[in-house]
Structures are given as C-alpha cells and as structure tokens.
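Next up, some structures in structure tokens.
Shared between the two complexes below is subunit A, which has subunit B as its partner in the first and subunit C in the second.
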Partner chain A sequence: MNLITALARFLIFPGLLFAIPAAWFFLWVERKAVALMQGRVGPPFMQPFFDFIKLLGKTTPPRTGIAGLLMRLWPLLAVSAAAGAVGLLPVLPSSGGFEGDLILLLALLELPSMCIIAAGFSSRSIFGEIGSAREAVLSVSYNVVFLLAIVSIAASQHTFRLEALAHLPASPLQILGVVAILFCLPAKLHLNPFSLPNAEQEIYSGPMTEYAGPELAMWELSHGLEWVAATGLVATLAAPHFTTWWLAALVFIAISFGVVLLLSIVASATARLQIDTTVRFYWQCTLIFAVLAISSALFMRFRS
Partner chain B sequence: MNILTMLWKNLWGGSRTMMFPARPKVTAGYRGMVRFDPALCTGCAICRFRCTARAIEFKAGKGEFTWSYDPGQCTFCGRCVEGCKAHAISQVSDCPPIYLTIGELKKSYTVARKPPAPKPTPVVQAAPASPATKSFPGGAQ
Partner chain C sequence: MNLWNKLMCHSRRCSPWIFHMNSGSCNGCDIELVASLTPRYDAEQLGVRLEGSPRHADILCITGPVTRNAVGAIQTVYGQVCGPKAVVAIGSCPATTNVFIDSRTLDGPLAKHIPVDVFVPGCPPRPDAIIQGIAKAAEILADRAAKRLPVESVMVPLAEPNCACECAQPCKSAPTAAASKANP
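Showing the complex of A and B:
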C-alpha cells in the first residue's frame, strides 16, 4: 500500500468521507430500531446529523492547564483512531493492506476505549471517574474474549493480514470466532446489557459528564465510527468472497446492517447488568471459548 | 423469550406515542385545571396565599381587584379550591395545557368589588324600670 492509496483509504473510502455518513446512519438505525421495539416513534432519519451540527455550534466551558488540554485532545484522538480503523477494513476486493494490519486495526479499535478511560479521569468528576473505572474493568474483561477470537482465527491461517482473513473459506473456528466477537460488541459499543460505563440514570453518562459542545460532538462521532469499524470487522470475517466490487461492498454493508439490527434487539431486550455480573460473564465466555477454540483447532488439524 | 415476543409485537404494532395535537386521557388521580367564577369571588385572596406554585396572582385596586391564573405554573394540587369559602374556584378534569412560551396561558380577571353588605342597625329598646328606684309620691319627707 503506497502513501496515496493509504490516504485515499483513510480520507475517502472506506475512511472519513464514507465512514462519517455511515456512522450517523448506524446510530440512527440503532436508535430507531430500539424505539420501534419499545413502541416509540424514534428519531427522524437526519437526527444524528442534526445532533452533531447542534453540538458543534455550542460553546464549551473554559478549561485551563494540562487537564483542559487533555480533555480537548481525547475526543480528537478517539475520532482519528476510529476513522483509521474504518480505513483499514478491506471492504473492496484487492483493496491492498499490509502484513500485520489486523494488529493495527485491533490497536485502533481499542484506542477510543482508552481515550474514554483517560477522559473520565482527566475530567476530575466523580461520575466521570466511576465511569472510567467501569470502562477499564469492562475493557479488561471483554478484550480477552475479543482478542482471543480474532487472534485464534488469524493464527490458524498463519497471517495477520486482513485481506487474507476476508477471503477465508468458512470453518468452525471462524464461525466460533465471529460468534465470540458478536458477544463482545455490546460491551465495546456500550450497549445494554453492558452499558454500565455510560449509565445515564446512575452516573450521568460517566466519562462524558463534563463534556459539552464540539468535544461532545467528537465523542458522538467517534462512537458512530466505532460502530462502523466493529460491525465492519464482523462483516470482513463473515462475508463470503466476491470478485465484483459492488457485490462485495453490498454484502459488506448488508452484513454490517444486520449486525446493527442484532445488537439493537439485544439492547432493547435486556437491562443493564452490574459490573461483577458482567466481569463474571466475560470470564466464563473466555473459558468456554478457549475450550471450543482448542477443540476446533485440533479438529481442523486432524481433518487436514 | 417473552421479551422477544413483546418486542416483535411492538415492532409491528405501531408506536404508542401520541402525535400532537392528540392528548392522552387524564388519570383518575388528576384533580384537573382550575376554573374561576368571577361572579362568586369575594376577593379575599386566600387562594393566592394557599398557592405554593405561585400560579395565582392577586392585585388589589380601588374598587376592584385583578385575579390571574397561569396553568403553566399550576401543579393542580387543589389547595386553592379547598380554601375558597365562596366556591368561586373549582377544578375540571381537562388535560394539562400545552404552551410554547412562558405565561402564554395566563388569564386575568378584573372584578369589581362588591359593596359591603349593609350592617344591621342595632335595635334600641327602652330599659325596664329598676325596682331600686322607686318614686315616691309626695316628694321629700
């Protein structure tokens, strides 16, 4: 991948120019689907965009010193990381990529979560600090399953290149990995039943408590981009291989859309769990997934 | 699984949100909007003192008074109705009102003070003759 291709992927497709409208669309789909399943009307189609524009027009409280600087920096870093993660996704066939881009994608996917933790502690708000602590504990819990799932798929194919993983034929380990990732996505995207870091009713959105105006708009945008990147990762691993670019893009978007709907159903059907229940759930998931992954790997080895 | 069935029904059953200007039915526990009858009001202003939400205002003038009520501020507690001895205030179970600007629903009534009822004139009665004062005919002895 040369510099021009990398810039085009980061800025145009599937990067910022595509990903930002896609982020607003996914945020709208999630809100609308949850609203319809709860018997409400839900927001109009353009609402996430209007929210973003409205927040951009507001003023932020004056912040001084290093803490203020850091508070302004975290949302920008989160947006950049999430946009970079979307830019790495191999949406189109033969879209380039490089050896080890999966590791970079995982790092970029994790960076917004780290920024949220840091933002909550930088804000010096008690609600922000509680939210950040919860996010940290949650991150440690679900990331074990999340990383184990992706790394086991990659290790079984002896490659950390995303495009190579996108072209894999379906295997039990791959299906298992996708299911494990789907289990982790509600925690990664702060959805019910694992929405405890940004619990509105208990800790006033946790790390976001002290944020307003354009900074909050950036957080919303990074959240939307995380949606695109996380559902895109599932689509990358689950989508069958197509040589025609429009069919590949269509299937990619359809699978991402399906994942958004699935997560919305889970979010509207469940209530928020306590932190200890969440941690226990993910560590039990880890144990079960580890046993299944090893069994699947042994099965594949004996079969081949 | 019950929750999934419920979600499925909600998804296809339409939303329960009422679109403006449709209004929901009031519940049995709702006391209702305050209605004022100027003809019965004596201008004692006890309603104003009993209104903790400051929805009722009272301004006394010469020969008249102005009584104002803002449903936007009213909590529909009914304390004004309880306190009104003249039964000039009552509650009707209409929906809570909709307003877009503060004070839009405020209504004022300027009521002429009724002349005070004529005081009953005291009836003067002749004092009965005291038995101690006895007149003696013939003058001093």
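Showing the complex of A and C:
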C-alpha cells in the first residue's frame, strides 16, 4: 500500500469524506428507527448534523490544569481512532492493506471505549465514574467474545490481513463469527439492552455528564464513526467479493445500513439489563459462539 | 451575516436540547412535559431531546413555584447550562407562584432569581403549549446568540398564551399576570 492509496482511503473512501456524513446518517437512522418503533414520527433527516453544528457553537466550562487538558484530549483521540478504523476497512477491491492491519483495526476500534473510560474518571463526576466503571466491566465481557470471533476467522485463513479475510468464500465458520460479532455490537455501541454506561434514567449521561459544547460534539461524532466502523467490519466480513468497485461500495453501504437498522430495532424492542445479567450473558451464553468458532477454526487449520 | 453564522442560527433553532428542573412543583407540569415527548405529541420532530445533564442542554425548563430550598439549586443549574441558553417557565407556578402566593416557604416567582425567556401559563399547561414554548425559546436563543445580545435584555413572555391548542383551557388570570410581571 503506497502513501497515496493510504491517504485516499483515509481521507475519501471509506475514510473521512464518506465516514462523517455516514456517521450522521447512521445516527439519524438509529433515532428514526426507534421513533418509528414507538409509533412516533421522529427527528428530521438533518438532525444529527444540526446537533453537531449547534454543539460546536456552544461555550465550554473553563477547565484548568492537567485534568482539563486530558478532558479536552479524550474526545479528539476517540474521534481520530474511530476515523482511522473506518479508513482501514478494505471496501474497494485491490485496495491494498498490509500484513497485520486487522490487529491495528481492532486496536483502533477499542480505543474510543478506552477514551470513554478515561474521560469519565478524569471528569471526577460521580455519574461519570459509575459510567466508566460500567463501561470497563462491559468492555471486559464483550471483548472476549468479539476478539475470539475475529481471531477464529483470521486463524482459519492463516492471516491477519483484512483484505484476505474480506475475500473469504462463505463458510459456516464465517457465519458463526459474524453472528458472534453481531451479538457484541450493541454493547460496543452502548445500545439497549446493554446501554449501561450511558443509562440516562439512572446515571444521567454517564461518562459524558461533564462534557459540553465542542467536546460533546466530538463525542457524538466519535460515536457515529464507531457505528460506521463496527457495522463496516461486519459488512466487509459478510459481503461477497466483487471486482467492480462501485458494486463493492454499494453492497458495503447496503449491509452496513441493514446492520444499523437491525441493531436499532433490537434496541427499541428491549429494555436495559442489569450489569450482572449483562456480564453473565456474555460470559455464559455468547461465549458458546466464540468457543465453537475458535474450535472449528483450529479444526480447519489442522485439516488444511 | 455570513453563511456559517446563518447555519449556526438555523442549527440552534432546530436542535433545542432541554433540561428539566422541578423547583417544588406538584408534579402536574412535570408529567405534561414528559407527555410532550411521548408518541402522541412527539417533540423530537422539532429536534427536542431531554438531556440528563444541564451541561448538554440549551433550554432550561423549570416547573414549580420556587421553594426556598430550590433557589440555590436553580442558580447552580442555571450556571451549569453552557451559553447560549434560554429558560422556559412551565406552568403558572414559576410565573406567579399561583395558588401558593404569600406562602412563607416560597421565594418565588422564578423571574426574581434568573432571567426567564418564555412563560408557558396553565395549571398544568397542555403538552402542545409546552412544545410551542420550547420552540419559541429556541428561536429567542438563536436570535439572541446571532445578535450577541446579553441574556438579561430579552424577556419575552409567550405572545398568545392559549393559542397553542384550541381546546386548551388555561386559567385566564395567570398569563396576564405573568406577562405584566415579566415585562413591566
């Protein structure tokens, strides 16, 4: 992958130029789907964009010292990590990539949630700290399943190169892995039934309680970019391989949209679970998928 | 006004995030405020979002006749809302202290403590009147921010208090009293 393709992927498609409008669009789809499920009309199409612009124009409370600097830093770090994760997705055929970019993608996907944990604790708000603790517990539980599912797909192909995994022929192992990832996405995106870190009826806005103005806008953007990256990961793993670039892009967008719709409908149809129920769900029920996936991957590896 | 300012003004008008605060209300207005977010009235069509933290909000919705205990909390919360901001007084209580007038446990009305932009009279007001008040407050907030006016200079009571819904039956005395108190 030379510098120009890397820059084009990061800045144009599927990077910033595509990802930021897509992030707003997915946030709108989420809110609209929830509204329609509740029998409401829901927000207008441009709502997340207006929210973002409005937040940019608000003042922020004065923050001093190293804690203030950190609080301003976390949302920027989260946005850049999420944008980098989107830029790494191998959407277009023969888009390059390098050996081990899957590991980088997983690290970048994990970074926003690390930033949320750190932001809650550095805000020194009691609600922020509770939210951060919940996010940390949640992250420990779903990541076991999430990483095992992805590692099992990678191990069966003897590679950590994303493009090789994207061009995988459909197999039971791949379906198992994608289903396990889908189970983890609500927790990763803080959706019902696992919306524990930002449970607004219990702990206000969780780690974001103390944030205002442009900093909050950055958190909203990073949340939207996380949507694009996480659903994009499912789309690249699940999509069949196309050689025409526009067909590949179209199928990528369609599958991402479908996943967003599915997650939003599940979110509006469920209520929030308790933290111990959530942890039990991931460690007892969903782990079965991951163990099945990893054992079949090892089996395939020894056969081949 | 350049393009960015126009966009900002429009965005402020289209995305009023509210924070709800009870200053000793009987819970009637609080129920009506929540009712304005339910499927029947659906304030989210106007971009209204009920926020948990005053730091996120643009519009502070206050119900209740302002008890002595609530004064400090109101001033703290008002200070925590980041500018540009607006205040909506929901119900007759924050406007006039309503039937609790002359009670020694009260330190009302609300306009004594913080600048109020919109009064939504009624005991309780109907949800559509509340939505109209929030929309009006969003407009005031956007205009004030665009013209860089100080907060205290604009004190606009709802122009036609009972025009929000034809079937609404708000008490006739409270709105006029609210308007005269706010705009002497």
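Remarks
Here is the rule we go by: the second predicted complex is superposed on the first by the 289 of 304 C-alpha atoms of A that agree within 3 Å, B and C clash if a C-alpha of one lies under 4 Å from a C-alpha of the other, contacts with A are read in each partner's own complex, and residues count from 1 in each chain.
The rule is short, and it goes like this: a residue touches a chain if its C-beta (ideal position, glycine included) is under 8 Å from a C-beta of that chain, and two chains touch if they have at least 3 such contacts.
Fair warning: this is a prediction, and the values are worked out from it, not measured in the lab.
For the composite obtained by overlaying on subunit A, subunit B and subunit C cannot both be accommodated without a clash. In the superposed pair of complexes, A:T209 makes contact with subunit C only, with no contact to subunit B. Within the superposed three-chain model, A:I265 lies in touch with subunit B and out of touch with subunit C [touch as defined at top]. Within the superposed three-chain arrangement, the count of touched residues of subunit A is higher for C, of the candidates subunit B and subunit C.
Of the two partner chains, subunit C is the only one that A:T60 touches; subunit B does not reach it.
When the two structures are aligned on the shared chain, A:V41 is found in touch with subunit B and with subunit C. Looking at the shared chain after the overlay, A:L3 reaches neither subunit B nor subunit C. Residues 35, 38-42 of subunit A lie at the contact with subunit B in one complex and at the contact with subunit C in the other. The part of subunit A that touches subunit B in the complex is made up of residues 35-42, 265, 268-269.
By the touch rule above, subunit A contacts subunit C in their complex via residues 31, 35, 38-44, 46-47, 49-51, 53-54, 56-61, 127, 200, 203-205, 208-213, 216. By the touch criterion given at the top, residues 7-8, 10-12, 14-15, 17, 39, 42, 44-45, 47, 49, 51-53, 55-56, 58, 80, 82-84, 145 of subunit C touch subunit A in their complex. On the subunit B side of its complex with subunit A, the touching residues are 3-4, 7, 10-11, 13-17, 19.
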